[in-house]
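Quick one: the structure is below, and I'll ask about it shortly.
Letters A, B, C, D, E and F mark the chains in the order given here, with residues in each chain numbered from 1 onward.
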Amino acid sequence: MSTITPPVNPESNPRVKAVFDDIREVRGNDFINNVWRHLAFDPQLLEEVWTDVRDVMARPTLIDFKTKEMIYAAVSIANSCNYCVHSHTAAARARGMTDAEHAELLRIVSTAARTNHLLNAIKPPIDDAFDMSGG
Amino acid sequence: MSTITPPVNPESNPRVKAVFDDIREVRGNDFINNVWRHLAFDPQLLEEVWTDVRDVMARPTLIDFKTKEMIYAAVSIANSCNYCVHSHTAAARARGMTDAEHAELLRIVSTAARTNHLLNAIKPPIDDAFDMSGG
Amino acid sequence: MSTITPPVNPESNPRVKAVFDDIREVRGNDFINNVWRHLAFDPQLLEEVWTDVRDVMARPTLIDFKTKEMIYAAVSIANSCNYCVHSHTAAARARGMTDAEHAELLRIVSTAARTNHLLNAIKPPIDDAFDMSGG
Amino acid sequence: MSTITPPVNPESNPRVKAVFDDIREVRGNDFINNVWRHLAFDPQLLEEVWTDVRDVMARPTLIDFKTKEMIYAAVSIANSCNYCVHSHTAAARARGMTDAEHAELLRIVSTAARTNHLLNAIKPPIDDAFDMSGG
Amino acid sequence: MSTITPPVNPESNPRVKAVFDDIREVRGNDFINNVWRHLAFDPQLLEEVWTDVRDVMARPTLIDFKTKEMIYAAVSIANSCNYCVHSHTAAARARGMTDAEHAELLRIVSTAARTNHLLNAIKPPIDDAFDMSGG
Amino acid sequence: MSTITPPVNPESNPRVKAVFDDIREVRGNDFINNVWRHLAFDPQLLEEVWTDVRDVMARPTLIDFKTKEMIYAAVSIANSCNYCVHSHTAAARARGMTDAEHAELLRIVSTAARTNHLLNAIKPPIDDAFDMSGG
């Protein structure tokens, strides 16, 4: 169940077709997953979101592709985004994440959550050693 | 301002001293930051949390130390834990994270947050291709 | 799947019936959606929640009905409440929100989420110009 | 630094004075903490929030006062509300929470957060045994 | 739909079997719910999570079992963990939580959420009376 | 205390100067608040974030400026972003939000949070009437 009605023939809109063509080219396959089919209800929003995600995640940058997807998945878990957890866990696997690395990612994320709550409860003063503001 | 009164002489308690000694040995320096000084109010909790964090973050595992700290910082940002953001950003720097990598981490985390909210708003059906449950 | 068993004949309880009658009168139709049918398991809780939501959202106030539902939906998105996102997006549409306004709402919410995470990561000092505490 | 300017002489407004008098009477002392002094900028909001909090937290109900404050603090920790964590931890202490109970509360909250993130990452199907919807 | 493939015969792994045996013994019945069946994909993670949850939740401690499950459920609600809300609401019921106590738990959690958001919006200064850091 | 060292002379970098000039022009005054001074540590990130925020928030669009800032503040409150709550509450005031409208915004946000938690606890089935996926 969705709050948006995805267009029936999204590629009849040339702006949508251009984005979908770019998705297929960047990924090297024909799979257009549901997030893009739904965002097609507003071509401008589709363009903005795809451009942003593509430039960060699908272009070579300093951090390797697998690690980027694992960080993305970690944030999606913390934000409780069901769709994003599924899509970026799958993307991390497609970029080479093994079962053992997945287990380790879960270990880091869940331990972080544990201490996040602990320190949001205790509120210790932040050590001066961590301050970067003075340069 | 904290919700806990840290003990004035925490190492007078032998269980606390054992944990602090282990922290110093694992890190190779004498810095005991405030989270451990506050958790010392309950030696059992201190032991449990330190053991958990140490085994995941300070022992060699599949994922390298710098990446682990960046994932930990990402989760801490999403959970809005002020202390944790400061301590794990500092830890990632100590493990070699450069300014450029920090900027890229922020780019991934903030783009993830953007699409997390977008998809929690739209609720597209999750593509069958992402399903791992059937093996 | 729910954690509550909704009563089979909720309006056999006069307190529940009074609330359901008020819902029908305020809305001008007969639709009692599932949130109220489930809250009927505890008539006092039903009364408190309906009274609160009705006074803020269904009575004329300073902010127009459509805008109120859009703000409500924005908070529900950020809090990852699946039911609330669906019901208040539908309510915003019923109050006149167009597809283009929905797209703009999503743009604001997702851009806010992006900068929320960015600034929870960077923690810049808050500018004195924003301080209202001194009057 | 606050986003609201608290009124200088809040009790010159009779609606505010009535709420402050009720706070003093219910608590049996003269301490009006900052949340109420700030909410006084809008007497209606002050009345609504105080009435709600008082009826749930300061009146005898099924759950004892100490436990109620511990649950309230737990939610405030998870929602990262700095003020609320401080005020409701203090309230739990005032209702009798010992250091050992505080440590146990932190243990429950942080373990819950750990598994919350783990299961938001794994998304196992919910067991039929947990379903209450059928009665 | 899950991001993990649960093993088909989990108890063929002796480490998994040992955990499942412990779960059955501690609970006094044969029900192994889905969280453990999925965590079995990584025996070490399964052991760590079960040990942690068991020691906090299934061993006698200062706080009674029913209250512990209610606090756990409260955190799970705030963290929007669907599986956890179902499993720990069911656990609280199994420990004796009545419908009336469930309604009161919901009243506390939702009132806390209301004031959490209100004070994260207003940001009043934290009263000195709440400071525990000085001892 | 910040995790980033803001550049001492940010406008010595021409990309930063171009953004700061655009901020001054769009706003019609000379105030560059701390978020931009800190983001200047990475000119590309600064450009991306400013462009995104400017196009959504500082250009005329379907939704009026005051309402956009109120929605932005609402999301920032729910995400517990201290800096963002202050800056966007101030921006909403600069766009004309009165004290009474601020109080109403707080009423909507906090009532939404209350029901968000309530329904994340109860998990009622989503009514078919809310489904937009079929068109």
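Assume contacts are C-beta pairs under 8 Å (C-beta built on N, C-alpha and C of every residue); 3 or more make two chains touch, one makes a residue touch a chain.
The model shown is predicted, which means the values in this text are computed figures rather than measured ones.
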**OP:** Check every other chain and keep only those touching both chain B and chain C; list them.
**Re:** A, D, E, F
**OP:** Weigh D-F against E-F on C-beta contact pairs and write down the one with more.
**Re:** E-F
**OP:** Pick same or different for copies chain C and chain E, depending on whether their interface residues overlap by over half.
**Re:** different
Original post:
By CA centroid distance, what chain is farthest from chain E?
Top reply: F
Original post:
With chain centres set to the mean of the C-alpha atoms, which chain is at the far end from chain B?
Top reply: C
Subject >> Whole-Å separation of chain centres (CA-atom averages), chain A against chain F >> reply: 21
Original post:
Taking each chain's centre as the mean position of its Cα atoms, how many Å separate chain B from chain F?
Top reply: 27
**OP:** Specify, in ascending order, the residues of chain A that touch 2 or more different other chains.
**Re:** 1-4, 6, 48-49, 52, 75, 77-82, 85-86, 89-90, 100, 106-107, 109-118, 120-123, 125-126, 130-133
**OP:** Counting only chain pairs that touch, give me the topology of the graph as line, ring, star, complete or other.
**Re:** complete
**OP:** Over in the complex, which chain D residues touch chain C? Could you list them?
**Re:** 1-6, 8, 48, 52, 126, 130-135
**OP:** Note which residues of chain E are touching chain D in the complex, please.
**Re:** 1-4, 6, 31, 33-35, 37-39, 49, 52-53, 56-57, 61-63, 67-68, 70-72, 74-84, 86-90, 100-101, 104-105, 107-109, 111-127, 129-132
Subject >> Touching residues (chain side chain B, partner chain C) in the complex >> reply: 73, 77-78, 80, 82, 85-86, 89, 106, 109-118, 120-123
Original post:
Considering the complex alone, what residue numbers of chain B touch chain D?
Top reply: 1, 3-4, 41-42, 44-45, 48-49, 75, 79-81, 133
Original post:
What residues on chain E touch chain C, complex-wise?
Top reply: 80, 85-86, 89-90, 99-100, 102-103, 106-107, 110, 117, 125
